[in-house]
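What follows are several structures.
Shared between the two complexes below is subunit A, which has subunit B as its partner in the first and subunit C in the second.
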Partner chain A sequence: MFTAALFLVPVVILLSEGFKVGGEWSLAGYVDFASKPLNQKVFLRTLKLGFLVALTSAIIGYATAYCVVNLEPRHRGRIFGLIVLPLMISPVARTYAWIVILGRTGIVNQFITGTGLSDTPVRFLFTETAVFLGLLQLFMPLMIISLISSMENLPKDAIAAARVLGANWFQVFTRVILPLTKEGLVMGGTLVFTGSLTAYITPAILGGSKVLMLETLLYQRVNVANDYVSAGIIATILIVMCFGANLVLKRVAQGRSQS
Partner chain B sequence: MTQLWLSRLVIFLTLTFLIGPFFIIIFAGLSAGSSLAFPPDGLSLKWYLAVFEVESFRKSFILSMFLAVGGTLTALVLGVPAAYALSRYKLPFGETIKLIVAAPIIVPGIIVGLALLRYLVVPLDFTVTMALFLAHTALVLPYAVRVVSASLQNLRVDMEEAAVLLGCSRLGAFSRVVLPNIQGGILAAFILGFVTSFNQVPVSLFLSGPGVRTLPIDMIAYMEITYDPSVAALSALLAFLSIGIVFVAERFLGFSRYV
Partner chain C sequence: MKRLVLPVLAALTASLVASPAAAKDKLTISVYSFAQDAYKEALYDPFEAICDCELVIETGNSVERMAKIEANAADPVIDMAVMSSHDALALARKGLLEKLDVSKLASFDELYEAAKDPVGDNMAVGYTFYASSIVYRSDLVDIKSWGDLLKPEVAGRVALPNITGTQGPLTLHMMSKALGHEGVGFEETIAAIGEKSDDIVTFYVRSSQLAQLMQQEEVIAAPIGRFAWSRFSGSDLPFKWAEPVEGQTGGMNVMLMTKGSKNQDLAYRFMDYWLSSEVQTRVANAKIDSPANTKVEVSADIADHLTYGADLINSLNMINPADIIDNRDSWIEQWNEKVIQ
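Right, the complex of A and B next:
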């Protein structure tokens, strides 16, 4: 109990630091922070990547979860285990694999130069694409697991019934599957989105200083510039976004079930 | 029939995306050449052996092990009574306490690390190891409380009451009736805590000092300056370690029941 309480105090002090400029309480730090183009870019990029990763993993997650649920129980457990497996492995190891795949002499570039698509290796590392792929691989299992567990409660007859009544697959998805599994979607979405926002390793290794995200920007501000005002502001933004994502998604879930 | 093949294909593709990178790491580590490449230039185990020769890897491995084992044990010593109190008695502010305990998970790790460093470690002049130890303990605590709570909920209060009625003291009932019955939960919490702590990067990022680094952070630092397959080999070894632990746990305990 004490250990946990011991944690909150320093975090709160850190957050308050963003509101102080030259020892006085003010919002000037925020105004200053928001006016810098780099900060705006990093902020928007973090939001964009978090959103894209959540969206993509939802699309792939639905397809995979649907297929897994329809497997024989015998295989289902095994496949489920394989999906969970990556979660147990060090994120450093998981991210490192992408260097081997996307690097200058990596697999993708060997293919590209080998087949003559391009004479010079294409740069994938330190691009948003690399960070996107890394994050997607890191967090997709969470989405798939949430979706599988909510799809297991979905009565199979419901889909069949909708088909018999003349719904096409798109309608089945939007009218039957989506409303009945939205809890899983909301939970998976929150986990993936907040996970992507607060990931450090992936943007640090795959993005470097070219593709900064809020977390890596925070690290840089502190270690390179000793700028604790910015650090406090970024910390506040991150925490607000995480809690905000939670609330919004919860609201969405409740709103839909009422209508 | 086509549907069956389609669904297998979807699962196959998803799993390839999620797990494929590990195979690449394993093979990249087997390279006989001196730079990272896939497919490797000839096969050899030399990088797998070289990993053990790197002094800083050895040191940081020992530190990470110490943090993971020590931190998790401490978290359990604090967490088991806490979980017991939370699930058996209606405490005032019970919900608030639960929230505070969960805080280190919700708040992004890098912020926790920075806050601790600046407002606790520096003012109170903790050693680096001590700071890391505290941080890892607090980080694992929420998992310990949650997993142990879950297994306490499956244990009927009657059993304890019976022991007390039969003349056992409260403490005796706890150690002789409750503890043996939640053994599985405690072990599951230990494994989960161990894996979490061992793979932890963001919290330790700021707290690590000169010469005292956890293994994942050491790996990141190493891969920034060198481009040889040893990190791939080490990643593969760590992946095997995690998988092995989880596999053994699943085999003997049905680990997934608790998480």
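Right, the complex of A and C next:
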């Protein structure tokens, strides 16, 4: 009871800020927030990047998890350790590394100019691409771990049986692997999507104010404008998006298993 | 035994009773988080040594510190604070500041004129100035005007301060001059920046972030405050401080006292100590803050890191704090609409 109060009371107070305008209860704050083109753009960008990071994590995560579970046990431990390793490094350090990697003189641009793909360095920093890569690197291990956990419970002969019965690899994935690993996908998808929506450091460093996302906009509203109404609204939107993502993923998984 | 116990008990009781009376006076100050170790050595410790008092230091960003002063207006928990001049004016307009009795500040007459009453009605007194200009790579580009920040030669290699920071409005002020726009609405200037938004690498928030971007040649020109110049002047790369034809801009940080502070005498003593030429010289030599006291003399090497000297300080194109307070919301709205979009 005490713990619930400890967590819930501040959240309720924070969320209620968005419904107070000039001391009166009102939805005017939400209407005003939604009517501003910048807020609309930031909302859609946050949703888009969260979705793309979760989708890309799932694609790479399945391939990685499949390879890892099929390794010999002695190699599996080492590879699993490498996957987990980034989670032990501060997100600030990991994100700052991207500034060096993606900079004009970084290795990506050295490769691009060195191979003649472009005569001049390509600007990656402070673009959506940079934020996407930073978030992907930050959260993909969570998806891989979730999928490895699910794939380890996959019956060893299921894939071979499907292949013997004439299924191609796409059918094996959609008819066998996906239904049997849906719990891992829902868990990983929720972690990656909600993590991407709520991460502050990576969008702040790699996107700056040119690639505002909801969490960086929230920081700006609180720490620059002292505008707790907008901050409460953004916090509410983020919480609803996180719960919404979890519900949608569960529905999709349920629908798939019923079909 | 009884003979021994009774005197010991009496001594203990006396010490317990006496301790509240012996407690030192406390002065709670609210300051920027910046360079606190250096301030401790140059200012806080020497003051505590002579005042027989205890300084309680509260740090944070301006918004947090202003919110705390406002939230505790009925029973102030902060006695004295340092802020930008426009933040001080915002507090003064809300009736949260005590009018200063400048006769209690012995160093007051030694201050530059601009520092004596920066927000009006003696609600604050300036303790440091900072110039702002453009730092650039002299081997790659030549910057002679604030308008050069939008020229094709630096397209894709220039950073501007975000409007939400202190440097943002200063940059708009000077770019408006360069582009020939009058007034402090900055509509045309913000629109001009918006048109070139894709040519600007980023709108930075912290000078530390900018230093890294300039070190790795991502950015070759950007407006900064002189307080951040040391991050560049010590580099192996040829960074230069621009002296644009429109001049340099700048700002001032001020000291203020909260309305109803219970330690006003001590606060005056501390403010006067900080404003004295002795302490201002020490702070300047530590390269923490530029002096507002005209009597301060520092070497040319130290002066290079500071905003120093009457000629420079009197030439700064500063924005009236009232103009910042009155227009900031409009600037942010226009910025978000035309530049960030």
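As a working rule, the second predicted complex is superposed on the first by the 245 of 259 C-alpha atoms of A that agree within 3 Å, B and C clash if a C-alpha of one lies under 4 Å from a C-alpha of the other, contacts with A are read in each partner's own complex, and residues count from 1 in each chain.
Throughout what follows, a contact is a pair of C-beta atoms (placed from the backbone, for glycine too) under 8 Å apart; a residue touches a chain by one contact, two chains touch by 3 or more.
As the structure is a computational prediction, the values presented were derived from the model and not from experiment.
Of the two partner chains placed by the overlay, subunit B and subunit C both lie in contact with A:V100. When the two complexes are overlaid on their common chain A, residue A:P37 makes contact with subunit C while staying clear of subunit B. Look at A:K210: by the touch rule set out above, it reaches subunit C but stays clear of subunit B. In the superposed model, A:V222 lies in contact with both subunit B and subunit C.
By the touch criterion defined above, A:L125 lies against subunit C but remains apart from subunit B after alignment on the C-alpha atoms of chain A.
With both structures placed on the common chain, the touch criterion links A:L185 to neither subunit B nor subunit C. Comparing subunit B with subunit C, the partner in contact with more residues of subunit A is B. Subunit A residues in contact with subunit B (one complex) as well as with subunit C (other complex) are 99-100, 103, 105-106, 205, 222. If you check the complex, the residues on subunit A that touch subunit C are 36-38, 41, 99-100, 103-106, 123, 125-126, 205, 208-210, 212, 220, 222-226.
Contact residues on subunit A toward subunit B in their complex (touch as defined above): 1, 3-11, 13-14, 60, 63-64, 66-68, 70-71, 79, 81-86, 88-94, 96-101, 103, 105-107, 136-137, 140-141, 144, 197-198, 200-201, 204-205, 215, 218-219, 222, 228, 231, 235, 238-239, 242-243. The residues of subunit C lying in touch with subunit A in their complex are 61, 63-64, 66-67, 156, 162, 164, 197, 200-205, 209, 212-213, 216-218, 329, 332, 336-337, 340-341. Those residues of subunit B lying in contact with subunit A across their complex are 6-8, 10-11, 14-15, 17-19, 21-22, 24-25, 28, 35-38, 78, 82, 97, 100-101, 103-104, 106-112, 114-116, 118-120, 134, 137-138, 141-142, 195, 198-199, 201-202, 205-206, 216, 219-220, 223, 231-232, 235-236, 238-239, 242-243, 245-246, 250, 256.
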